[in-house]
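Okay, so here's the structure we're looking at.
Lettered A, B, C, D and E in written order, each chain numbered from 1.
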Amino acid sequence: MHLSTLIANESATAAHHASFPILSALILVPVLGAVLVAVMSNRRPEWVKLTATLFAVGTGGMSIWLLSSFKSHEAGFQFVSQHEWISAWGISWHLGIDGISLFLVVLTGILFPLVILGVDPHHDEKRYLAWLLLLEAGVMGSFLSLDLFLFFIFFEIVLVPMYFLIGGWGYDKRIYAATKFFLYTMLGSAFMLVGIIATAALARHDIGYFTFDLVKIAEHASFATNTARWLFLSFAIAFAVKVPLFPFHTWLPDAHTQAPTGGSVILAGVLLKMGTYGFLRFGLYLFPAAAVWAKPAFLTLATIGIIYGAIAATMQTDLKRLVAYSSVAHLGFIVLGTFAITSQALTGSVMQMVNHGISTGALFLMVGMIYERRHTRAIAELKGIQAVAPIFAAAFMVVMLSSIGVPGLNGFAGEFLILIGSFETARWWTVVAATGVILAALYLLWAYQRVFHGEPDEANSSFPELKAREGALLLVFIALIAFTGLYPKPMLSRIEPSVDKLIAHVEGHSSYKAPVAHNHPAETTTHEGGE
Amino acid sequence: MLSAIQPTSTWYLVIAAVLFGIGTLGVMVRRNPLVMFMCIELMLNAVNLTFVTLSKSMADINGQVAVFFVMVVAAAEVVVGLGIIVSIMRRRTGATADDLSALKG
Amino acid sequence: MFLAASLTGPDIPWSHLLPLLILLGSTCALLLLGSLVPTWPRIGNVVVTMTAAIASIIASIVDWNHLYWHKGDTFIADAIAIDRFSVFATIVICVAVAGSALLMSAYLSRTDSEGPELYALFMTAAIGAIVMVSANDLIVLFLGLETLSLSLYLMAASNRRREESQEAGLKYFVLGGFASAFLLYGIALVYGGAGKTSISGINTSLATYVSLHNTDGMLLVGIGLLMVGLAFKVSAAPFQVWTPDVYEGAPTPVTAFMASAGKVAAFAAMLRILTVALGSRADDWRPVVWALAILTVFVGSTMAVVQTNVKRMLSYSSISHAGFILVGVEAAGHMKGNGLNSSMTYLAIYTVLVLGSFAIVLALSGVNDSDTTLDDFKGLAKRRPALALAFSVLLFAQAGVPFTAGFVAKFGVIKSAVEVNSYAIAIAAMVAAVIGAYLYLRIVVSMWMEEPTSSDEIVVAAPVRWVIGLSVAATLIIGIFPGVLLNAAELVRFAPR
Amino acid sequence: MELIVFVLAAAMVLGGAIGVITRSNPVHAALSLVLTLFGVAVMFVSHEAHFLAAVQVIVYAGAIVVLFLFVIMLLGVDRTEDISIEPITAQRPLAAIVGLGVSGIVIAAIISSRSALSVTGDGIDQTTVEAADANIRQLARSIFSNNVFAFEVTSVLLLVAVIGTVLMARRIKLREAGK
Amino acid sequence: MLNLVWLIPALPLAGFLLNTLLGRKLGEPKSGILATLMTAASFVVTVGVYFDLLSRTSEERHSVYTLFSWLPVGSLKVDMALLADPLSITMALFITGIGSLIHLYAIGYMHGDPKFPKFFMYLNLFVFSMLMLVLGENLLVTFLGWEGVGACSYFLISFWHTRDSAATAGKKAFVTNRVGDWGMMTAMFLAFSSVGTLSYSGINAAASGHTLAAVTATGIAMMLFVGACGKSAQLPLYLWLPDAMEGPTPVSALIHAATMVTSGVFLLTRMSPVLHAAYPWSGTVIATVGALTALFAATVAVAQTDIKKVLAYSTVSQLGFMFLAIGSGAYVAAIFHMITHAFFKALLFLGSGSVIHGMHHEQDMRKMGALRKMMPITGFTFIIGWLAIAGVPPFAGFWSKDEILLFAFANNRFLWAIGVVTALLTAYYMTRQVIMVFYGEARWNDHAEEHGAHGDHTPHESPWTMTTPLVVLAGLAVVGGALQLPFTHSTKFLEHWLEPIIHHSERDIAGTWADNNKWLLLVFAILVAATGIAASIAVYAKGKAQPIEPQILADGWRYDSTVSAFMGGPGRKAFDGIAAFDAKIVDGAVNGVGHEVRTLSGLLRKAQTGLVRSYAVIIGFGAVSMLAWFLLRGVL
């Protein structure tokens, strides 16, 4: 078909075309960095590190520039760039950003340089950095793609660098963990690949030509009810594994625990978000009616995940594993918010993706620091660290409180929005899910008590205090935690328009109606409530 | 009385099928590679018989042409096959097909 | 005399036969030079072979461009069909010849063997393969198949210093002959059912007599026997049993050739027979291909899981790949599908991958061609990082990781399956691919995440390096810009019936 | 008359075949093969495929089987194979099932299509059908005109056989004698 | 002054931040002085705001100061806004006032502690959070403070974190509080989903305007009550409060007696229109829980030997009284009692701290006695506190407790009876404590050798920084009752002051029997208190009867140990079970699949025998199966 002309028309209507292809640069600059780092000589390691840092910081800088020039209160995609790529299959290099993906991109942009600067891999640094940069490109690509095929390949390519990072720089059971991570996630996406193709093939009827373009399909294609459900499920499996949603989560504790610190930070910080982001972008947006249909099931799984993850976390004996399970619980909240489909819940979900990235990322960093110092992650072997390293303990405390969801810190803002939004459409799930906040306090405080409180024994009494570099690194995280917690408005005002547009899209394509503002509350509540 | 019964094409085809079956069986039960190879020849002959029978019943010469080519193939195969067998047997006299099982799993 | 006079032979389209003629001429020339010129240098063998292969590729490309406007036709009294399908396959086969011959030169110089015979066999095998892919007559196809097979039997058994090689040769020969008999019997019965041996003729005949009666039994059992033979050649489960043993035992360059050119020819024959001759019987054979595909992907990937020999692993992986191509074949049975194109794309890409992969195996396998266990690959990243990286790229490509050619291939067949609503088979194939990925990961783990067991220097001969380099480059280029290949494959069509 | 010929030929074919798979001495098996080949030749004759019958006897029985016998003698593998033992578990019953299965299915298919075994092909040239060399002429005409390409391919096939013989017959130095 | 309301929380926050950054540099005592000054300054501002409010008519005593928009998403509009009205300023007054005193006291008490600056950092943060709690314009800002005080309470209870018991107590407090927080969050969700706002004015307007369905109101009220139970240590969530005594004594006084634990009472008062709109049984539930808690804790206090534990249970008991008041619709009485309780309980705690300080960190009352002479100021002020809590007129506690009992009588005589019994017990155990600590024989000499290492073990009076707050609070405990005297309409100052907040929901008992005979009840209450005191004197001073201190009471009816046993036993087993389920079943399934594939691979591998004839059979079988399919297709 006349794909090129169609694209040209579309580009013309898409008014905000950046003259500089910033989104493509966000993907290609790290790739370039990775290649450069890989071919550099190993004789001058500091040059290698410098190069990697420059590329990561450059990418981060671009993402922050993106944030500053992003038009808030605008729901559509911005900075769109679209080029033909594989025309034989109707695939184009179609990138764009909206409020939902903006902060994930920024988070990615920020997190990678921090990891590169803050965490030493101890061996084979050159290779490590190359993989890390490649990983960044993959993650960026996943968040920026507006083409199903493009999204899938970025979604999938991420496995390779992560696999090498876990397998090459991880701990004793790293190969098992890396393999499990790779195969499990790949299995999930196996279904999605079939789903993607089927979506494009079936959408052809409505669109008139074969294309993988997300926006085209979402806006113009209509699937039969049952078809849409199957398609949705095929996508959902991939995302559920990636998130991970109970009961598809067991790759995560292993991967997180065995990954090197930098890997864990990235894994928790941004990789898991590819799943939750996927639910929004490719679940709700592509198959609104099916998503509404599947709502109860996913709400249930999310709720189970919240409680179950927390309980499992409570009983862990390995600090890193505990944090890993806490991720299962936290991501449960995000999925809960996603499937509640209200303005607050969805905004909260998007926000919580970022928040979880920051706070869990910081937790993993600190667990890594503990390991550096003590060469163990076993809770039983740690004791009384607060007595010898109060500043470290204080930093851990702040991050932990954010993770628990204490108001004023970022974790609360997202979690609360999710819950208050979900309550309107998923009342009983929310009530149960909210008990997760009790459990979160339980497992984290218990762990904190065992690790930081008490009289330090001999092994722990020489626990070194935070070094300047580590302190600076954590300060960035804590600043982000505090700022987002106290003043989330700039973030919310950028997220919300896109979320509202998404909800309107869901409403327009399904029987679902989002709750409206309550002018006559008495009528709506007479038959409900009363705990 | 018996002479009143004319063997039809089907009869020949059935004989060919049985011959093919016997050949198949032979490949599976014989251990001497040469004999296994003979059994493959049996199978080829069954095919030849089928071709000729069909050629006759359809009055089509192509069946016979096919048999001609099959015979050439059989000859070439025999040359190659015996070449391989000879080269093996020269090193391991009396080896049966069962003895050649270093590659497995 | 009078016989000759009354004969009016068919026209011979010499230009279309150029690849065949080049290869045949080179074979004869090589044999003559090798036996008659006492000072014939060893390198001359590979030069002649490479020249022939490249010349054939060029001739084919010229032919391709010619066929860009003419959709192709059958020639020599319907004996062969020269169409974009056959030319595409010819090019792939010649690429395989070129690659394998390069590997063979390294292999032979290492094992200190000589003689032009092996190169000649490469070329005769290629002739057989090309005849197979362009055959428009079941008898011609059978002759091509036998030419290819006999060459392969001989090549497999050619390393007479290595017992495994001879065992492989004999196993291949016995089972190959067995399967050929089935195939031939199938031809006979199809001949009985349709009255023809010509592929396009059978198509016409089956379309003309919509015989609701009686010959169906013979025809269908004939199709079944044909498919047994073809399934054997493409190593579809449960006819794959010979593959691991033969691939492991055969000299590595030969394995590479069997896995590439051999597969291309077998699948091309299968595609032509099933879709052209038996297209009207697709309802009968599609379920069988469906079952074969699922069985093959699972058997291939599952059995690879516990292997410890890399060469054997790759042979199991080749079975799994055959399953994937069968997915495309299944889709090709659907009139609207483009399974044909995706299968051919897959074959082309797989040829590239398999040449590169076996080149690396060859590089490491040592003088006696047997150092191919996982242990031998341990710590390769520390010994030869570039080699490890190259192998990783090829392995991940085989696993179907994006931005590699392997992904394009897998995506293509899955796409063609999904487009004809064969969801179950697509999902099964993808799930099997995950199981199969374990195999590649194990090799990657050995290379990158374990310590070397030996510190011997690994010498990679220049030809092997060339093959590896080109194959990795092609893998990545096709993976990132598949457009050229896909556009070409989109044009692949059979001659009009 | 035809019946008698058929029965005799069938007996030869099947008897020979059974001989091939049951005679423990390879020489005997080869001789049984000859019996089968002759039987098939007889059947060719009764189908008026005289040329092929002749080729069958000359090439098959005369050349191929002799080649077999030659190899048997050359390698000295004419010792009897103990057929009473089957080292592989359940091999024979399974083999029997396969053999019977293949035969049975094909026979069933043939019998189910017996009434339609007269699809006319290109036909045999009626003008020469009565001539003594009619069969040979037709065959030749077909081979050298319509099937000329196949005929040429057989030359490659034979070339392969030649190369194979050269390759396999070449003496090699066995460097690692033990292996 | 009203637009300076933001300064009230800002000053302690500034103190917190300054101490965070400079605390170590300032060191002792400067960081403590800084913190104290900040709180005192906040008190001054609060007084200014108070007078500003006082100068307005009662309708205008409502001012919202919006700092910024906090969580604006869709229809949810949550501002970071402060509300200055009589209730919040009342709370702020005694928070900052008592807070300043306790800060001052802590300078003396924490003398010599290596983490002196950190302590004041936490204290300031606490004051800030508490002020946010009471000044919040909407439930969410309150919740910010609510959780903030919880966190600070956690920090401060486990201040001496190298002590395992302190660490455990801190964690317990936080987690138990979180149970309550769950209730409060649910209440917020329900409020938002039914009213569409979280602001107090919006929700209360809906409740008083009858646009809030009774069932929803009940839901909100009950969930708020769950929250209040957690924070205000009511049954069954009181567990953490006795353990919280692990914290330094100023903390116990400030957080676990005067301020934080009363936030539940505050919240319910703040949301009184919703409680009013709820089904009547919800009030009964609250009152019953309150009364039972009061009684329960009082019985436990009778048998405690730890000087602070007695006060802790006493606090639980008094909080129960406040909830009895709330449940009976006596919001003014609840607030009144909250204020007087803040005075005398802070006094008692600080007094006990002074005793502990003087006794070199000895907390067992059995090792005290006759301290009156050694610590005259402490002893004198403690006795005033005792009289106040025991319900002796004209001390503050008498008036407030009597007001509650009055409403209780009007509401539910059975609950009134429980209240009376509790009052009796209160007088009894407090007298017991005073006798054991300040009268009788000096038993601390018996244990001299235990303190030998410390050198001088003679109890001594505390420094002025500690005694000054005692004196001030003692004065307040004496006159505090003046806030609300039942004599005439005009002496009910607090009732008038709080009218704008509670006028809808305060129960009107005018004309009931109780109101008509309130003097009778008053006299009866005096008798009850006297009886309690007399009985205690008879037992502990005169030795006329054996003390009744069954172990079960000392163990708090074994409730805590039962809960712990459950948590440590079946609860932990269940958690372990889920963890094991995850490892064995969920992960086991994943690994199991992997294992099965390997097994299958091994099995299939067996078929790959290497024997060419086996291969032929396999191929043959494949062929037969395929042919069978085609035959069936052809023949059938």
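Odds and ends about this structure:
Following the convention adopted for this analysis, a contact is a pair of C-beta atoms (placed from the backbone, for glycine too) under 8 Å apart; a residue touches a chain by one contact, two chains touch by 3 or more.
No experiment lies behind these values; they were computed from the predicted model shown.
Between chain B and chain D, the least number of touching-chain steps is 1. Chains that touch both chain A and chain E: C.
When the interfaces D-E and C-E are ranked by C-beta pairs in contact, the top one is C-E.
Chain centroids computed from C-alpha atoms place A closest to the centre of all protein C-alpha atoms shown.
For chain E, the chain whose average C-alpha position is most distant is D.
Per-chain CA centroids place chain B at a distance of 27 Å from chain C.
Remark: chain A and chain D have CA centroids separated by 69 Å (rounded to whole angstrom). In terms of their C-alpha centroids, the spacing between chain A and chain B amounts to 65 Å. Centre-to-centre separation between chain A and chain C, using Cα means, comes to 43 Å. Looking at chain E, one finds that residues 605, 608-614, 616-617, 620-621, 623, 627, 631, 634-635 touch two or more other chains.
Contact with two or more other chains is made by residues 13, 20, 23-24, 27-29, 31, 36-37, 54, 58, 60, 62, 65, 69, 73, 76, 80, 83-85, 87, 91, 97-98, 100-105 of chain B. Contacting chain pairs in the structure are A-C, A-E, B-C, B-D, B-E, C-D, C-E, D-E.
Taken in their complex, chain A has these residues touching chain C: 85-89, 149, 152-154, 156-157, 159-160, 163-164, 167-168, 174-175, 178-179, 182-183, 186-187, 190-191, 193-194, 197-198, 201.
For chain D in complex with chain C, the residues that touch the partner chain are 105-106, 108-117, 119-121, 137, 140-141, 144-150, 153-154, 156-157, 159-161, 163-164, 166-168, 170, 172, 174-176, 179. Chain C contributes residues 3, 6-10, 24, 27-28, 31, 76-80, 115, 117-118, 120-121, 124, 127-128, 131, 137, 139-140, 143-144, 146-147, 150-151, 153-154, 157-158, 160-163, 185, 189, 192-196, 205, 209, 211, 213-222, 225, 368 to its touches with chain D in the complex.
Touching chain D in their complex are the following residues of chain B: 2-3, 5-15, 17-26, 28-32, 34-35, 37-39, 41-42, 45, 48-49, 52-62, 64-65, 67-69, 71-76, 78-80, 82-87, 89-91, 93-94, 96, 98. Residues 88, 91, 94-95, 97-99, 101-102, 105-106, 108-109, 112 of chain D touch chain E in their complex.
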